[in-house]
Amino acid sequence: MVSRLVDDRSRAAIAASIERRRVDTRGLLFKVVLQSCLLVTLALLAVLLVTVALDSTDQLGTRLWDFLQGTLRSRSSDESLGIHQGMYGSLWIAVIVAVLAFPIGIGAAVYLEEYAPRNRLTAFIEVNIRNLAGVPSVVYGLLGLALLLNGQIFGLDRLTGGSSALSGGITLAILVLPIVIITSGEAFRAVPMELREGAYGVGATRWEMIRTQVLPYAAPGILTGTLLSMARAVGEAAPLILVGAVTGRLGENPGLFDIGALDDRFTALPIVITSWTVQSGRDDGFTAAAAAAIVVLLVFVLMMNSAAILLRNRFEKKRG
Amino acid sequence: MHSEPVTVDQLQIAPARRHREVIIRYSLVVTALVSVLVSTLIVWSLLREAWTFITGVVWADTWGQQGWFPRRGLYDLPTIIVPSLIITGVAMVVAGPLGLGAAVYLSEYANPRVRSWLKPALEILAGIPSVVLGFFALTWIAPNIVGRIGKETFLVVGAALLLGYAAVSAGIARAKIRQYREGAIDPSARIGAVASIAVLVVVFALAAAWTLNVWLDFAPNNAGSLAAAGIGVGILVIPLVASISEDAMAAVPDSLREASAGLGARKMSTATAVVLPAAISGIVAAFIVAVSRAIGETMVVFMAAGAADAARFTDSPFEGGLTMTAAMASLASGTDSVVGEGLTFQSLYFVGLMLFLITLSLNIIASRFVSKVREAY
Amino acid sequence: MSMTDEAPRVIDRMAATAGEASPEQAMPAPAAERDVVFQSRDVNVYYGSFRAVRDVTFTVPKNEIMALIGPSGCGKSTVLRCYNRMNDLIKDARVTGAITYRGTDLYDERVDPVEVRRRIGMVFQKPNPFPKSIFDNVAYGPRVAGRKKDLDDIVENSLRKAALWDEVSDRLKDSALGLSGGQQQRLCIARAIAVGPDVLLMDEPCSALDPIATARIEDLMQEIKQDYTIMIVTHNMQQAARVSDTTAFFTADVRSENDTRTGILVEVDTTQKIFSNPSDERTENYVTGRFG
């Protein structure tokens, strides 16, 4: 009966509208626009990596070993041009960050998540840490300058030797501290209540419970956070400029594991990159040198980042 | 009768174990206090030197002078504030659409397998140090993108952006006016509604005048410029916009999407009419955080914005300029002791304090928006 | 000496016997003939300003199984968790009144909850083995208490007592997470036994298990009750009737004017009496299925 009520013309119109709606041009266009947003972003990433890789071949392709062992020079054609001092600085900055920021950051997270009473003071400290994470890195440089170089506070400059890898490392440790606290705290919050109760239920003290249940369960999350913050610290330049990282008038190349040079004038890989990039306007050969130093830096930074991402994805999958 | 009694002493643990608990507890308190100490020291060190600057500088000279020459005692604030705004604006023009588009695609369209490849790729981008973006901005973006923008291209892009802005503002204004007419805005919020429309209009007028001005004085530049650095900063903050927006959209419950689909809506309508409005607070937060990050970004600007450690005033994105951050880095770079006339050293801290206060307020506003999303779902 | 004359926390320890309970809360059989492990008096539990449990008073006899039953939200789990001070772990939870364990006030400020929990073990609603090997799960308690020797013997004895040894003796190094739900719960019992407790608190230990696994746990409870005093919270009345010697019935006192539910103890008696001839009408309604 229904078919009688619908005359042929309207039936055709309905069919046409169904037909038309099947090809949803606007929707398709929308999707293409969204896809291209992502593709443009990834293309920029690809262009960046390719540009850097191509530029770097002049140095890395011909004299990789010399480049790694060489020193900072004022001309790009210099036989002994290289990044040894930068690697020394970055290596020791990373070590200092690991030694200072990781134990303090994880400890603070343990206290805030597992011990601290839920009161206004704790809430204030947590908000405070979140805000610290958003402070521009250059401002941390000002802190380092006031605290470690100028000796305005506690006379710390005598300990750090003023402008030194030690000062740079401490400054960057302070910089990543909030990141370590936040990521560790998130890892602790993910520990199931049942595990805590199980441990308490057989007579574990709070610390025994934390050591045997919370820390092992949260270890992958903590490791992810520490890897990310380490990558961040190794790639930072702005705070180091403020605490006086330089690229001229440096001493002889120290041995990579020579602790004695920690309180000398210093530089780091990102500083070397900055300096060479800025000089590339004057001496084009520095473009290749900067690109080569970037490749070395990216190898370390991206390795740490990828390890962190893989680790996190694996455990997310495993624990649902 | 009683079972054999237990005394209080028997219900205690060994003293060594108890002492260890106390020692560990207090060590952890100390580590937590370090973070408080750090914030205190930051604020204290900034305020101390900045105060010397604030009380010592001739304020009339901080406005309308030739430029920012801290070593010679010339502190013209617009010289470093205007380029900061330009860089941030350019960065958001790049990162806003790209980041948001990528987020909508990842959240609403991409299937899990594609997602599992695309998300890590964005995270790799997020992990690239800013010095690398600085190099890229100076050696590739400046000659290949900014250098190729002609006078006409600039006018077309500028006009398109202005029109887009005008369309969005008109939409917001119309909605506010309708609410006003229907009495949906309570009296206390009326001033706010009027003010927000006024702000939109003023910003449009300023932007239009600025675009025209830049167009008239247009001079191409394929070395470092504010535009090149701005695009570099934009690339740097794309992952930030994308990940925070995507988190916000992921928080929108699937039941809303299903309800929308159940009413016969297509994916596009669901995305634009249901998911985006539901996640709007989070998206606003993403943009605010990105702005805060862009204002605070130092190295890209220092390397690619084309200014040395001092600069003349400029309001054109195609010229070299100095932002607040780059001004600080420039003053300190290549030396381990900042020296100069009078307040040179203190000017560092004054700029740092401005930057700190700006980013802090932006971050606080952003976290308000984020907690709105959390409350809603 | 009447209860109302005493300050809540002050208890004459020698005189605190079951026979002196308030008249409306009838105590099971002549208490003087039995050993008493716990005596609670006027216990109230608060979460912040909200009173979750009101004025609970009863005794727990030694080497018996006591069941706490009642509709959901009546505070029976909350009451159970007072007995090994698990409520201490909940922020802003507060317990008033007194609970004595073998004559000592559990809430005396010199008492360490850690030692309380060693002596008064707990088995939880959901099996919660640690993500470690079977051996390490059972050895966990003795290890944190500082024990390093004889762990093999302790683990074997505990697993035997928990009727799990025969099933796992050849794979002690395997992860505990590979066991079935029922095995996991018995492992949790073995883990609780391993620290040499005196009492076992069981908080709906079978609610996540199938009937066969439930039956095994119930058999196990009967076997181990000669060594332990057991308190079990259960929402399953048949289970309470099957396993317990005494039963405490709780219900929720709902105040609609401010929408609060406060748990109250209605009646404690031998399980047989509770299920056949309870003194209180509310108990009768509940056990006959007319309410709850």
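Order of writing sets the chain letters: A, B and C. Residues in each chain are counted from 1.
Note that contacts are C-beta pairs under 8 Å (C-beta built on N, C-alpha and C of every residue); 3 or more make two chains touch, one makes a residue touch a chain.
Just so we're clear, the structure is a prediction, and the values are computed from it rather than from any experiment.
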item	value
Label of the chain whose CA centroid is most distant from the centroid of chain B	C
Identity of the most central chain, Cα criterion	A
Between chain A and chain B, centroid-to-centroid distance (C-alpha), Å	17
Separation of chain B from chain C, taking each centre as the mean of its C-alpha atoms, in whole Å	55
Centroid spacing, where centroids are CA-atom means, of chain A and chain C in whole angstrom	50
Numbers and ranges of chain B residues touching at least 2 other chains	13, 17
Junction residues of chain A, two or more chains touched	205
Two or more partner chains touched - positions in chain C	114-115, 119
Residues on chain B engaged by chain C in the complex (per definition of touch)	1-8, 10-14, 17-18
Contact footprint of chain C on chain A as seen in their complex	117-118, 192, 194-205, 208, 212-213, 216-217
Complex contact set, residues of chain A against chain B	24, 26-27, 30-31, 33-38, 40-42, 44-45, 47-48, 51-52, 55, 103-105, 107-108, 110-112, 115-116, 125, 127-132, 134-143, 145-147, 149, 152-153, 162-163, 174, 177-178, 181, 205-207, 228, 231, 234-238, 241-242, 244, 246-248, 265, 270, 273-275, 277-278, 280-281, 287, 290-291, 294, 297-298, 301-302, 305-306, 309, 313
Residues of chain C that touch chain A when the two form their complex	84, 86, 89, 91-92, 114-115, 117-119, 121-124, 126, 128-131, 140-141, 144-145, 188, 191-192, 194-195
Complex contacts: residues of chain B adjacent to chain A	13, 17, 20-21, 24-25, 27-32, 34-36, 38-39, 41-42, 45-46, 48-49, 97-102, 104-106, 109, 116, 118, 120-125, 127-136, 138-140, 223-224, 235, 238, 242, 266-268, 271-272, 289, 292-293, 295-299, 302-303, 325, 328-329, 332-338, 348-349, 352, 355-356, 359-360, 362-364, 367
